[in-house]
Each structure stands twice: as structure tokens, then as C-alpha cells.
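What follows is a set of structures for review.
Consider the two complexes below, in which subunit A is the common component and subunit B and subunit C are the respective partners.
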Partner chain A sequence: MRATVLVRPKEGILDPQGQAVESSLRQLGFPVDDARVGRVIDLEIDAKDADAARAEVELMCERLLANPLIESYEIDVGDDA
Partner chain B sequence: MRATVLVRPKEGILDPQGQAVESSLRQLGFPVDDARVGRVIDLEIDAKDADAARAEVELMCERLLANPLIESYEIDVGDDA
Partner chain C sequence: MSEIRPRVGVVVFPGSNDDRDAAWSLTALGAEVKMVWYADAELPAVDAVVLPGGFSYGDYLRAGAIARFAPAMRAVADFAVGGGLVLGICNGFQVLCEAGLLPGALRPNTSLSFVCRDLRVRVERADTPFTARCEQGQLLTIPVKHGDGCWFATPELLSEVEENDQIVLRYAEGGNPNGSVADVAGVVNADGNVMGLMPHPEHAVDPLLGSGDGALVLASFIDAARDRTLAHA
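Coming up: the complex of A and B.
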């Protein structure tokens, strides 16, 4: 089963990569007010159904994929995720 | 207007970060068959409507946000994007 995880820097947490992107886009002339950069992780996992897959991915986020102190995550599960 | 861009390594392109994530997840005992890692970029831009915003973000992707040789991108525009 496919699952997609979006990991983003939390509100208020410094995001140097986002700042660099914002400043580069502005230098190119784009009307950008803010940019934040995070990660998208696409997973293919063995799970009997979507609920089991989501629970599994939630654990993966807590243990490896995200740093809960400074990042938030969002999980999307499904064959078309 | 808010826009979200997902930038992913193209099919068939080597993704060392994804391989590292996959192998770490397996070592932790998770039943993972595949993992690919890309970037999520959240933008706040000045644009008169969603179509204008999408066109603008498309240009940003071509010029800065993605490397079209090895990455594909997906744009989502809207206040709730």
C-alpha cells in the first residue's frame, strides 16, 4: 500500500532552506511573500488495510521520519496517495 | 495566495536519501518495500487568481524549484493548499 508523508518545519521554527528559496525567487523577480521547505516521503508498505498502514506510518514518523520538536507531519494513505 | 509544490525524484532516478530511509525503516522492523524522498515547498505569493498563481509557480519550478532532468513536480494552488 502506498503512503505519502509531508514533513514540514513547524510554525515559528527557523527555516534557512525556505529563506534561501524565498530570497532566490525574489531575486528572480517572483512576487513571493513566504517560502517554507520540507520533505515529502513516498512509501510502499505491507499492511492489511488503510487503517493499519496509517498506524504503521504514524510510528515511522515518530521514530524516524520527523523530528517532533521542530517538525509537523501529515500522512496520506491509499493506493492513489 | 498559498501554493504547495511537491518535487520528487523521477522514476528510475537514483534516490540515495530514499534508500537510506528505506534501509533505516527496515532496520527498525517496519515492513517497507520502497521509500522515495523529495521536497515540499509551501509558498505565499501575490497573484490575482488561482490560474495566475499556478502559472507563476510553474515558472518558479522551471527556473529554480525543480531540476527537470531528474525531478518531477506537482503544484497545488488555493487558500487551503
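Coming up: the complex of A and C.
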């Protein structure tokens, strides 16, 4: 089963990469007020159903994929993920 | 007693690159160094452990995030929880934060630039096993070289760390190279036996190389390790 994890710097955490992207976009003339840069992790996992897959990916996020002090995450599970 | 050479393990991860510098400096300052391969699940008989600088696992995902799960790190975590002395330098500091053995997290430098230069850090506490040879308030010249050295803590975590007096080193005023919260350059855990710092004391053990101030940190650490050797003898 496919699962996608979206990891973001938490709200309020300074994101220098996002700031650099924002200023580049502004220089190109785009009306950007804020940019934040996160990370996407696509997974192909063995799980009996979507709930089981989600529970498994939740554990992956807690243990490795995100650092809960500085990052938040979202999980999308299913073949259209 | 100074002839007793305490045994210090230096963990080698894939991507460590200051492991040999650490080993050289520790040996020069009186330790007997044992290199510890990351895949070994047990530590040899050592009195203290150093996690060296470098780019373990290519800094993939987050600096230190993958090294944290290396077999040797589980042994280091047990050693630390049991009161063992552990010093993490640069990448080693990142690994210790990711492992939850030290508070906070290390984020990309706010400048987004890799910084590599000598700078001054102030000793906030001279009563730790890592700084006993320093004086409170002393300014040490030690180089940094990192891209992800911005120590971060939430306001709640920072007040906890400050209340517990866990900040051991801060960048001298106006000299913060990475945007770290409260100018933090090095912290200890609440029990005082685990320390991490971004500057590289192992690169500053001889005035010929620019500064000998790093030797104060490493020699303090070796003294503390020696005390433990004697306690076990």
C-alpha cells in the first residue's frame, strides 16, 4: 500500500530555507508573503488495510521521520496517496 | 596518578570525519582510545565515550537522526543512562539530541551558510566533568564548522534548561555563528554526565593550530574519566 508523509517545520519555528525561497520568489515578482519548506516521503508498505497502514506510518513518524520538537507531520494513505 | 590512562571510546559512524582527530587529541592528552565501530552492539570496557564530528549517514533526513539507531548508539544510550560520561562534538551533539539524551534539536544555521572559523565561547559552568579545568566566565577560542548548528528549544524547554543550569557554553556576545536560541553552544543533561557542543575542542589542542583552549575541555573530560577508572579499580 502507498503512503505519503508530509513533514513540515512546526508553526513558529524559524525556517531559513523557507525565507530564502520567499525572498527569491519576491525577487521574481511573485506576491509571496510567506514560504515554508518541508519534506515529502513516499512509502510503499505491507499492511492489511488503510487503518493498519496509517498506524504503522504514525509510528515511523514518531520514531524517525519527524522530530516532534521541531516538526509536524501529515499522513496520507491509500492508492491515490 | 596522572600516568593512569583512562579508556575512552570514540564511536565511528559511516560519515564520521573527526573521529581520528578526536582520537589523536584524546591520546595526546592522556587517554587510551578505543575506536568503536557503529555496528557493534556492545561497547568495549571504557570509562567514557566520545561521539565525534562529521556527517553520519550523510546527514540524511536530519543530522543525527539515523545514527541514533545504530547498534553502537543503543549501547551508548545504556551507558549514558547508567551514568557513563558521554561527550558529543558537533555531529555527536546532533546525535545526542536526536536520541533524546540531550535537550533541544539542531536546525540549519539561520544564515543557511556553512560556517568554518575560530570563535569565542564563554564558559557558563566550570563545575561539570567537561569544564572543570576552565574558569567560570572564561572565554575559549575553539573552531566551529557546521551547517546545522542552530540549537533550538521551545520557550518552555529553554526555561527548564536554564533553571536546571544545563547551559555550559555560550557563544561570546555578538559572535553567534548559527542563530542558536540563547546563544547556546553546549549543554549538559540534567544529571550532568552527558554533554554536547557544536565547537570542536579536538581541533584546538595546540597553539600551533591556532588555539590550545579545546584541550581544557578534553582534559577535564579525561580527568573525570580517570576518576571513574580509579573508582572501579
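We adopt the following convention: the second predicted complex is superposed on the first by the 81 of 81 C-alpha atoms of A that agree within 3 Å, B and C clash if a C-alpha of one lies under 4 Å from a C-alpha of the other, contacts with A are read in each partner's own complex, and residues count from 1 in each chain.
Definition applied: contacts are C-beta pairs under 8 Å (C-beta built on N, C-alpha and C of every residue); 3 or more make two chains touch, one makes a residue touch a chain.
Not measured: the values here are computed from a predicted model.
Asker: Please indicate which partner A:Glu44 is in contact with in the superposed arrangement: first for subunit B, second for subunit C, both, or neither.
Answerer: first
Asker: Count the residues of subunit A touched by subunit B and by subunit C, then name the partner with the higher count.
Answerer: B
Asker: So, A:Ala55: does it touch subunit B (first), subunit C (second), both, or neither?
Answerer: In the superposition, A:Ala55 touches no partner, neither subunit B nor subunit C.
Asker: Looking at A:Ala20, would you say it contacts subunit B, subunit C, both, or neither? Reply first, second, both or neither.
Answerer: The second partner, subunit C, only.
Asker: Of the partners subunit B and subunit C, which touch A:Asp33 in the superposed model: first, second, both, neither?
Answerer: first
Asker: Once the shared chain is lined up, is A:Leu64 touching subunit B (first), subunit C (second), both, or neither of them?
Answerer: both
Asker: What part of subunit A is shared between its subunit B contacts and its subunit C contacts?
Answerer: On subunit A, the overlap between the subunit B and subunit C contacts is residues 64-65.
Asker: Show which residues of subunit B lie in contact with subunit A when the two form their complex.
Answerer: 6-8, 18, 21, 24-25, 28, 30-47, 56, 59-60, 63-65
Asker: Going by the contact rule at the top, pick out the subunit C residues touching subunit A in the complex.
Answerer: 61-62, 65-66, 69, 98, 104-105, 107-112, 152-154, 157, 179
Asker: Can you check the complex and tell me which residues of subunit A touch subunit C?
Answerer: Residue positions touching the partner: 13-14, 16-17, 20, 64-65, 67, 69-70.
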